[in-house]
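Could you have a look at this structure, given as structure tokens, before my questions?
Labels A, B, C and D are assigned to the chains in the order they are written; within every chain, residues are numbered from 1.
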Amino acid sequence: MAAVKTSFKIRGVEFANRVFVASGTFGYGDEMPSLVDVNRLGGIMTKSLSWKPRDGNPPRRIAETTSGMLNSIGLANIGVHAFIANKLPALRRTSTKIIANIAASSIQEYCDVLSLLEQQEGIAGYEINISCPNVKEGGLNFGTDPKMTAAIASSLRKLTDRPLIIKLTPNVTHISEFARAVESEGADAVSVINTLIGMAIDVKTRKPKLSTVTGGLSGPAIKPIALAKVYEVAKAVKIPIFGIGGIADVEDAIEFLLAGATAVQVGTMNFVDPAASTKIVNGMERYAIDQHMIDVQQLVGALEADIKFSVLQSWL
Amino acid sequence: MAAVKTSFKIRGVEFANRVFVASGTFGYGDEMPSLVDVNRLGGIMTKSLSWKPRDGNPPRRIAETTSGMLNSIGLANIGVHAFIANKLPALRRTSTKIIANIAASSIQEYCDVLSLLEQQEGIAGYEINISCPNVKEGGLNFGTDPKMTAAIASSLRKLTDRPLIIKLTPNVTHISEFARAVESEGADAVSVINTLIGMAIDVKTRKPKLSTVTGGLSGPAIKPIALAKVYEVAKAVKIPIFGIGGIADVEDAIEFLLAGATAVQVGTMNFVDPAASTKIVNGMERYAIDQHMIDVQQLVGALEADIKFSVLQSWL
Amino acid sequence: MSNETKPQQQWCVVENCTEIAEKIFRLSFKFPQLAAAVQPGQFVNIRVSETEEPLLRRPFSVSRVEGDLIEIMLQIVGSGTRILSEKKSGELLDVLGPLGQPFHLQAEFDTALIVAGGLGVAPFPLLTAALMKIGKHVETFAGFRSAQQECTEHLENIHLATDDGSRGFHGTVVKLIEDYLEKKSTAKYKVFACGPTKMLMALTELGKRKSICCELSLEGQMACGVGICQGCPVELIDEEKKYALVCKDGPTFLSTEINLREAN
Amino acid sequence: MSNETKPQQQWCVVENCTEIAEKIFRLSFKFPQLAAAVQPGQFVNIRVSETEEPLLRRPFSVSRVEGDLIEIMLQIVGSGTRILSEKKSGELLDVLGPLGQPFHLQAEFDTALIVAGGLGVAPFPLLTAALMKIGKHVETFAGFRSAQQECTEHLENIHLATDDGSRGFHGTVVKLIEDYLEKKSTAKYKVFACGPTKMLMALTELGKRKSICCELSLEGQMACGVGICQGCPVELIDEEKKYALVCKDGPTFLSTEINLREAN
């Protein structure tokens, strides 16, 4: 292939290309090697890491929906200590950048996990999952409160000079408000979107399909919503956006770039087609070459829209 | 079939069953007769009516998405006067209940349209589409502002003794807040949900597929989200809920009843299968009989969930 | 603009599905009521999958009628048409039709100039038969990307153009008909056209220049196909009503009625 | 719990798909590497549609191996299995495997008691062949709703039960094996079971009462099938680790390791 620049930088860290795998859909990066050439990826977002290991929710944790799926894994994870001891050494040997995704139930826990990871080599940056219950506020979700969201960003910013990415929840009225809040606290990027709250019921048993009643909706079904959220955020902030939500193929990925994402993450489709992410890596390069580009960056925000943003929420 | 009670009442008005057709997906109720036996329906929500006729948005107004569709019709409608003159006389001859859906860009316009319809026979009630831009507030959506939402409900309540149904938008953080607001202003029911904001891009032309960039997402893809919203609202208010969003078959409809909806509306699927709504009417009766019920009402809110609502938004 | 036959929804048995040119298929199915009622230019809306993806029905012109059988021509452009092209004889198909307004054959003309771009040929076998029946002369101008896509059965007096020159005239079908109109001039013409929007826009220009009545059959994204969803507007030139609906008021329009745009 | 062969993703040519009992099909496809490596109890995860609905892969036990061919048995229960059952010889199938931990054959027993509920028979032709190869005696207890669903090819010493009494013992397969265990008692048994969760729970009880080692193959909703998504937990009795993953640590578990619940 002709030379087209696929790499990009965030806070000085260079990523080989713009295709990442989303947190929770690729384990800790060490489980898929027989199925995916991880070295072809722009980076890997690890499963969310908490301070202590978490068992996760009781079964059932998954329900299939039309062109999508619900999950209520409950952030089952091995904990940050086991991650450092058992996973990181092998990950350091891959050439792909590892972004540690962090989940917590208090600002203190976010800080503790990040501080511990700060002392480790081989971590390219952090993605902060704020779709978590704040135990101090009776379990209210951090991610739906702009003040708490800003407080997390500002506390963590003080602790690291590595790229700090805040992963936003779509379950809010104006996601751009949250993006602006973390941008002004010094976050280097935002990930848009985490899952949407959804539910499914088994009409035979009359019980919810998930043990937690509701769960997070992901997959191709949510792509149009994710794309609109990325577009809203792109109009509001200057920091890079990781576009996430239902990305299945290279066309989907390019839609996100055009809407304003600097890079994309592939989530649920990793389960359906383990090769999805690497196919997108190849396809994106091919598309850029076909369009006579010299840098994939030329696609970012290159949507040709002739009307004003202000009609966005009107007269559906 | 054995006798099972399918009818229910809102503010004294009796509806033959719990299956309605959603606003904007069935015209004014007079276009589908060769394809659907409208007399079998619980009721018809008309296309949103505004004071003056509206041309609607320029093409393209529709884009198909994975298991869903985006629309930005722009509330094209003939206006309330033409509706009364040209549509209502024929509708009065059907035995199905007609609910007039009203859209407006000011509280005054909502009041004017409703007042005019108040003088007409043959209208069983009103459904108020509040997913509309408030021109006084620079186009901000009424439906995302709890105060404006309450103000619309209270203004209209004063003008009518017919059933007043407020149709809520899902594009908010806590939809239950809006449901509570309209309940306390005397609304008789809420419709949950209108479309979700979404977007699609043509990667060949790099243009948004819709002329308005974003539009409203509907269809099976959104069903899990709609169901979670209905469940959230059902926990918060006592007034009946019309469950809407991606309903394609009788199982879907029953999921909504179990989650707490008193009745359902079929929208997008009318386009895919004009017989969808009447099939659901039959299927719901059959299901109730098979389950040895005497009244379909027994299904409403009959979800057997063993965990507390408070974990709803946590640890996805 | 009146269409007397109400649309019906019917499960139809597939009779045959054959590839007749590159990625182009002829699909026939049994639908007696439709076969009896359909007029040239009308279309059907077909559900391609029992699952909910792809969700919406797909519109196709009725191409021919043979006894009880309806024949459509389809080109694989995406997942819906791919799925349809794989239908086997004996399978069932959920079809809605007849839909839309037919071409107007009673206007004052003696020679019909049919202009088709690519799969825009689809409605013209049926139209040709109807025109011949009422004694009109027919000349057909059909343009394809290349010879591999050629599918011109059941058409009359064919003038062929290909983009790559692999068969017939090397260039656009609009240029081809323009050249044709240079030469002859005694006949009273009416153009019937179907194809890409750009082609229809060029024909609109040509019709204006040459004062020839052009009736165009539009394509464009639809949801309901029956005039309910307001999803398929085309801008009218008329000041009073801003938009018409392609599915209900069309798909056939006089070029002088409408303001075609690329978004159509 | 170790599985040496790494899973592979492969496009496989369908060899054959035949209905062998009511709504039950035998589907075979070519996958040489899998045929060479798969062990009894392992499964494959199949993508049923090129569209995104149904979205997730569907897990199926490997039922038999014949040369390069892999054979699965499938029962139509929803749209995914319906679509799979319509696959024709020559079509391509996206298959991931081998997945999961096989049954353990090396334990101390001389007689294998295979217990299958409905399509729970699927993994047992392969297991039976392997057991016979290492000289174990096999008795098979197979329960079906009624005779129409019976599919017991390639099994040994079959004891049949049907819910409606239309063939064999009228009652559950658990009752059938319970009766069997009443009669004989010198052999050293191991139970291998697959079927509805309720059946597996009853067998767990029986195994405890009779002190017979039971190895169960679980079914349950999966997303990835490869241990990545944490979507398929089964509760462990062990205090240290609360859950195991059905797809990666199972689907085979000793009944004494796990706390089966109806939600599994």
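Methods note: a residue touches a chain if its C-beta (ideal position, glycine included) is under 8 Å from a C-beta of that chain, and two chains touch if they have at least 3 such contacts.
Here the structure is a predicted model, which is why all the values come from computation and not from measurement.
Student: Along the graph of touching chains, what's the shortest path length in steps from chain C to chain D?
Tutor: Minimum number of steps from chain C to chain D: 1.
Student: What's the chain with its C-alpha centre farthest out from chain D?
Tutor: C
Student: Is the number of contacting C-beta pairs greater for B-D or for A-D?
Tutor: By the number of C-beta pairs in contact, the winner is A-D.
Student: Where the centres are mean C-alpha positions, what is the separation of chain B from chain D, in Å?
Tutor: Spacing between the chain centres: roughly 46 Å.
Student: So, what's the distance in Å between the C-alpha centres of chain B and chain A?
Tutor: Centre-to-centre distance between chain A and chain B: 33 Å.
Student: Any idea how many Å lie between the Cα centroids of chain B and chain C?
Tutor: Distance between chain centres: 36 Å.
Student: Two or more other chains in contact with one residue: find those residues in chain B.
Tutor: Residue numbers touching two or more other chains: 57, 66-68, 71, 73, 211, 220.
Student: Mark out which residues of chain D touch at least two other chains, giving numbers and ranges.
Tutor: Touching at least two other chains: 52-54.
Student: So what shape is it, when you link every pair of chains that touch: line, ring, star, complete or other?
Tutor: Contact pattern: complete, every chain touching every other.
Student: Can you name the residues of chain D that touch chain B in the complex?
Tutor: Counting only chain D, the residues touching chain B are 52-53.
Student: So in the complex, the part of chain B that touches chain A is made up of which residues?
Tutor: Where chain B meets chain A, its residues are 57, 65-68, 70-75, 103, 131-133, 138-141, 144, 171-173, 194-201, 203, 205-208, 211-217, 220-225, 227-228, 231, 246, 251, 254-255, 258-259, 287, 302-305, 307, 309-316.
Student: State the interface residues of chain D toward chain C in the complex, per the touch definition above.
Tutor: Residue list for chain D touching chain C: 49-54, 79, 83.
Student: Which residues of chain B touch chain C in their complex?
Tutor: Per the stated touch rule, the residues are 24-27, 31-32, 34-35, 47, 55-64, 66-69, 71, 73, 76, 211, 219-220, 248, 268, 270-275.
Student: Which chain A residues qualify as touching chain C in the complex?
Tutor: 66-67
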